[in-house]
Amino acid sequence: MIKIKLSAIILILFILLSSGFSQGRKEISIPNIPGYITLKCDFHMHTVFSDGTVWPTVRVDEAWLEGLDAISITDHLENGSRRNEIKGDDNKSYDLAVSRAESLGLLLVKGAEITKGMPPGHFNVLFTTDANPLDNNDHRIGLKIAHDQGAFVMWNHPGWKAQAPDSAIWYDEHNYLYDQDWFQGIEVFNSTESYGEKVYRWAKDKNLAIICNTDIHGIVGMQYDLVNGHRPMTLVFAKEKSLGGIKEALFARRTAAYFNDSIVGREEHLEGIFKQSIEQKNHEIKLKKGFTDNIYIYNSSDIDYVLILQKKSKDFSVPEKIVLKSHETTLLPLTGITNNCDNIHEINLSFKISNFVVVPDKNLNISFKVINHN
Amino acid sequence: MIKIKLSAIILILFILLSSGFSQGRKEISIPNIPGYITLKCDFHMHTVFSDGTVWPTVRVDEAWLEGLDAISITDHLENGSRRNEIKGDDNKSYDLAVSRAESLGLLLVKGAEITKGMPPGHFNVLFTTDANPLDNNDHRIGLKIAHDQGAFVMWNHPGWKAQAPDSAIWYDEHNYLYDQDWFQGIEVFNSTESYGEKVYRWAKDKNLAIICNTDIHGIVGMQYDLVNGHRPMTLVFAKEKSLGGIKEALFARRTAAYFNDSIVGREEHLEGIFKQSIEQKNHEIKLKKGFTDNIYIYNSSDIDYVLILQKKSKDFSVPEKIVLKSHETTLLPLTGITNNCDNIHEINLSFKISNFVVVPDKNLNISFKVINHN
Amino acid sequence: MIKIKLSAIILILFILLSSGFSQGRKEISIPNIPGYITLKCDFHMHTVFSDGTVWPTVRVDEAWLEGLDAISITDHLENGSRRNEIKGDDNKSYDLAVSRAESLGLLLVKGAEITKGMPPGHFNVLFTTDANPLDNNDHRIGLKIAHDQGAFVMWNHPGWKAQAPDSAIWYDEHNYLYDQDWFQGIEVFNSTESYGEKVYRWAKDKNLAIICNTDIHGIVGMQYDLVNGHRPMTLVFAKEKSLGGIKEALFARRTAAYFNDSIVGREEHLEGIFKQSIEQKNHEIKLKKGFTDNIYIYNSSDIDYVLILQKKSKDFSVPEKIVLKSHETTLLPLTGITNNCDNIHEINLSFKISNFVVVPDKNLNISFKVINHN
Amino acid sequence: MIKIKLSAIILILFILLSSGFSQGRKEISIPNIPGYITLKCDFHMHTVFSDGTVWPTVRVDEAWLEGLDAISITDHLENGSRRNEIKGDDNKSYDLAVSRAESLGLLLVKGAEITKGMPPGHFNVLFTTDANPLDNNDHRIGLKIAHDQGAFVMWNHPGWKAQAPDSAIWYDEHNYLYDQDWFQGIEVFNSTESYGEKVYRWAKDKNLAIICNTDIHGIVGMQYDLVNGHRPMTLVFAKEKSLGGIKEALFARRTAAYFNDSIVGREEHLEGIFKQSIEQKNHEIKLKKGFTDNIYIYNSSDIDYVLILQKKSKDFSVPEKIVLKSHETTLLPLTGITNNCDNIHEINLSFKISNFVVVPDKNLNISFKVINHN
């Protein structure tokens, strides 16, 4: 190529700068919980600097538009597939994206992916201070350096078919790494795969942070329905919206996985989300045999809560399944069925939320209370 | 970076291959016209190999998903802005994308952009056989080589503010290039800009092919609303769906611009699209004073036709404006207003289509005929 | 109320006439099948003239806007609940709606509902010539008169919980009515309820027309998601689009039920719909070990076809489940897995369509063929 | 008709009760303003008890689902068009709807429409205690009785083409009625018609409450796009959510019109809505020549605010038009253009909101302030 005049460069830059996006940021309505800010995060993604197909700034733009608060670009360290086209060391994608992130107010966690056969598989290093020394044939060396850098490390897609054809296996090598405290989190969901109760149980029993990432290589909008749905993400319950806040929360295991219309996490966090999402609009009804009165419940979150009734009453009927749709007020109708209605004072309706999983194998239980005002 | 074992490479390739898209191709409903296939094309786009932000295969994937039949990747020849990260000659983006295009059945036209200050501005070369020799400080040399290669060349964004702050100007240099037959087309629309009647007139008077492109640098889905709308495109009326078919049609100037909900082109093409889009379901009505009867019109295309009545009748009233919405059957109500209804035999309703522009400055006129059956 | 001047009446009429709808008719894309036109019909609905909440013309307007070809308003004959507000005999709702239907080109079948306790439950009479004499305390008398009028009669919602708390029961009385040929069809789906394999089997074994209706009392748009879905309907495969054509097809049992994203019917009709819905775009691929080539399938219908692979191959891999989305072209990727690829000549992929039920209990089987071109 | 057994009636009632709606209430996000609750109201609609096409309860269900807080059913008093089918006095539609409204928590204002030729045209009476005596050939008698009942009265659709072919006219009779204080509000918008600056001026100069209603006769969902838009409504700024609260606010003229994406009203109310809708996320930027920094603005309301820049700066460029889209965070980019950037301390950006009209003829002006932090 021939060098061009400054004016042409300016022209080209002008195109580059103006070729932004015409949309605004779509905020995600998942509420804060008592004591913590709920940050929406994706800690696993790739660019042209490993085997992804976009420039690092695209990851920032996508994340901003799609309502995320923080991301980490985690290009494979061991990667030679594009050596004929791409130059740059293992910090390159971070370096190219960080100023764009700053101008958009998005938190960019410096990261990298250690990419090995199974065991031990792939590991994401977050909050690395320099990714180059992590790139070592011996994963133990890379992980030790990450640890020495103060990084937070997660085991990626433990049940990925290409490395775990039957199901996720916890090898001796994982015991070794775990005992050294060289990883503190685990992906329970990656891309479009959920690894189920087995991995949820590891997260609980071994006290690993519950992580959910896209592992996106292409364009997020091509892989997920962003109009009616959302990309998978890790919810981080942080004391403040900052890189430090995220790091503290990750090490403290205050995270949950949000994929499709499900959230998987710890009871106190899930309960916090539900309670801050919904508002019961009336606390009194009139129960009368053969008549229906309603409880109104407003759900201000993006989540459709699917409630399953826990116990039928002999005094009144109520739907066995009810969906509290996102941004809607739902009627919960109670129809009196006995003559006993006048003697009922307080009604307590217990439901489990079928799309809220408390690790490893329970659903979150919630209830609504009303006074019968006769 | 350290070289990795084959197994790791295979793993990475597996990720790459599987990181496709989860959507299908959304076909664009714009009908063929008598004698020609209507191909949906975008002949102007960039990748990381100039100042775009995606790998060349992304341009193929986007185009396929968004219903296009053909594209050209036209990276700037004069481009050094990413020399620290990107290696490769001026054919690189084509070379990396062509097999992906073939496996998807998308036609990939080999292209490049000659990028100069004004005059003469930027020119896209389509059907180049080798882009490297086009990269010359002297645009005349580059354009002559393009011509000798048998390429089709268009003048890009003639009214782009950065090069034409007031409005598009046809310089002497454009006369020179035009007289040599070194360009045969002109962008009347680029990205989000329409260059209006002035440029439409050039297209008509100088018999240049009417071209409409995205000039996309980022992600198409971030810049256009692909759910309710579409990306800008050039409609090419070809004898066959092939690279040769496109080339023949371009040189024959059988093209139109489709942007937002408008189409700009030549009368015979626009009339062909309209007539193949709509079906008048009934050809008889009963007109009676004070009563309303309807003509039903089904529009099978993606275009909302905005019709403006050309002349009121004293015998019946009919809406002055009516929109034939995409994929809907619309009622066109006629209400009798005189006692003369019985004497009317044939009714001819003339409308102009306000969003169909016949270059340089007319709207397409169409009409509906019904027999009054009394 | 006081009588008003003519001018005021005209004003009011003007309001009435102008208070139409601002939308067009959304056509339903379910194709015709060889030899027959596929008519979209709803044969069960109510108005203020029994226990519905709309004026009869609303049923016509809804049906037209929502893409139906024919409806029947079937108000309950035995109905006194609104005698303080509503006057009119059992033909009234038809009489008030028929001219509106004619001006919209919608076929209005004159109908009524015989409404009895179980057995025998509720029966819809279509093509009655006069509904008044059908209104008799003895359902046998009503059904005999219907039969003498040449009407087509269906058993409504046989599994409706209020009359069949456990599941649908075929009583002796149904044998009696069936032996008289006093009913010829049965609702396998009503409103939001499917009556499952048991009732499908009756339809098959007793050769009853398969019927699917809304039984709408309120507003269709409040009960069904008309943006992303559709109202339940009966598909009638008729020789012509006319009242006579519908009647002939009903008696000939050429019908299917279309609810949610499922169709339930007879094999030849379901196969016809599938084959006319899809177009396999390529008939040759190149199979190579470790590489993927694609079959492209375009689905021009409104139905998302859910295909389940019937048998895996040892030579290539193909997804076990694939959804052919409505109005999209879907890739069906084949990846070579043995060295044997060159020796394969023809590939035949068999799938069952999980949302197409051939009564009583099978799924429709279909296949795609390609030549391997090496 | 023949009388039926109780069991059949119960069956029918069961159908009626269960034929509700399957959707939830879509809440409208227009914020409260300091000191007042913003109630969403529609005070003009019809049922089968005049020339509408739905049962009164449908009006309640529609309003609840569509997020309204209060409605009034205002059937024409002078109405004989359905005397062959409909029985009932002028309070009937209220009487039939009120218990349904109560069970849904919707406020139902008892109303009626006095329907006369022009002058004076049509008038809606809200908070009537008995509609029957309002039904008088002499509109003065009806309006006087309304006044004596303590009712709030509005002049309906003053610019309706059928009564005001050229434009709205304020007749002597209107002076008479106004001087008696027999009406206190005026529709500036009705159905799909805006009466423009002329009527806005009357509202302002004569201190009439600004009213916006659907005047719906058919189904709301057929006439308005409820998915992407909303029905027209009057915003009432009330001290409490109750019938009394609405009445007090109407007489105090604390109302605004909300139609399409526009709000028309008084400055203090419009400013309150805007300020409670938006949150400026950052209050500091760094302005540098040739670089862009952003102000982020989150809009939590349902309204897309269209901002037009009031004055360009010589120090930085900023878009001349910007849309703050509903439920999105929008970037407001500032690009430094002089060397003077370091000396700028505070930046004040003034915009007018083109879709917020302060009666009679101004747009609401607002501004954003940031500190330049160099």
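Labels A, B, C and D are assigned to the chains in the order they are written; within every chain, residues are numbered from 1.
Criterion: a residue touches a chain if its C-beta (ideal position, glycine included) is under 8 Å from a C-beta of that chain, and two chains touch if they have at least 3 such contacts.
The shown structure was predicted, so the numbers you read here are calculated from the model rather than taken from an experiment.
Enquirer: So how far apart, in whole Å, are subunit B and subunit D when each is placed at the average of its C-alpha atoms?
Expert: Centre separation, subunit B to subunit D: 41 Å.
Enquirer: Do you know which subunit C residues sit against two or more other chains?
Expert: Only 23 qualify.
Enquirer: What topology does the chain touch graph have (line, ring, star, complete, other)?
Expert: Contact pattern: a closed ring, each chain touching exactly two others.
Enquirer: Any two chains that touch count here, so list every such pair.
Expert: A-B, A-D, B-C, C-D
Enquirer: Please give the residue numbers of subunit C that touch subunit B in the complex, ascending.
Expert: 17, 23-27, 103-105, 281-282, 292-294, 296, 298, 324-325, 327-331
Enquirer: Would you tell me which residues of subunit D are touching subunit C in their complex?
Expert: Within the complex, subunit D touches subunit C at residues 1-5, 7-9, 11-16, 19-23, 48, 50-55, 57-58, 61-62, 65, 76-81, 83-90, 92, 96, 115-117, 135-137, 162-163, 191-192, 215-219, 221-224, 227.
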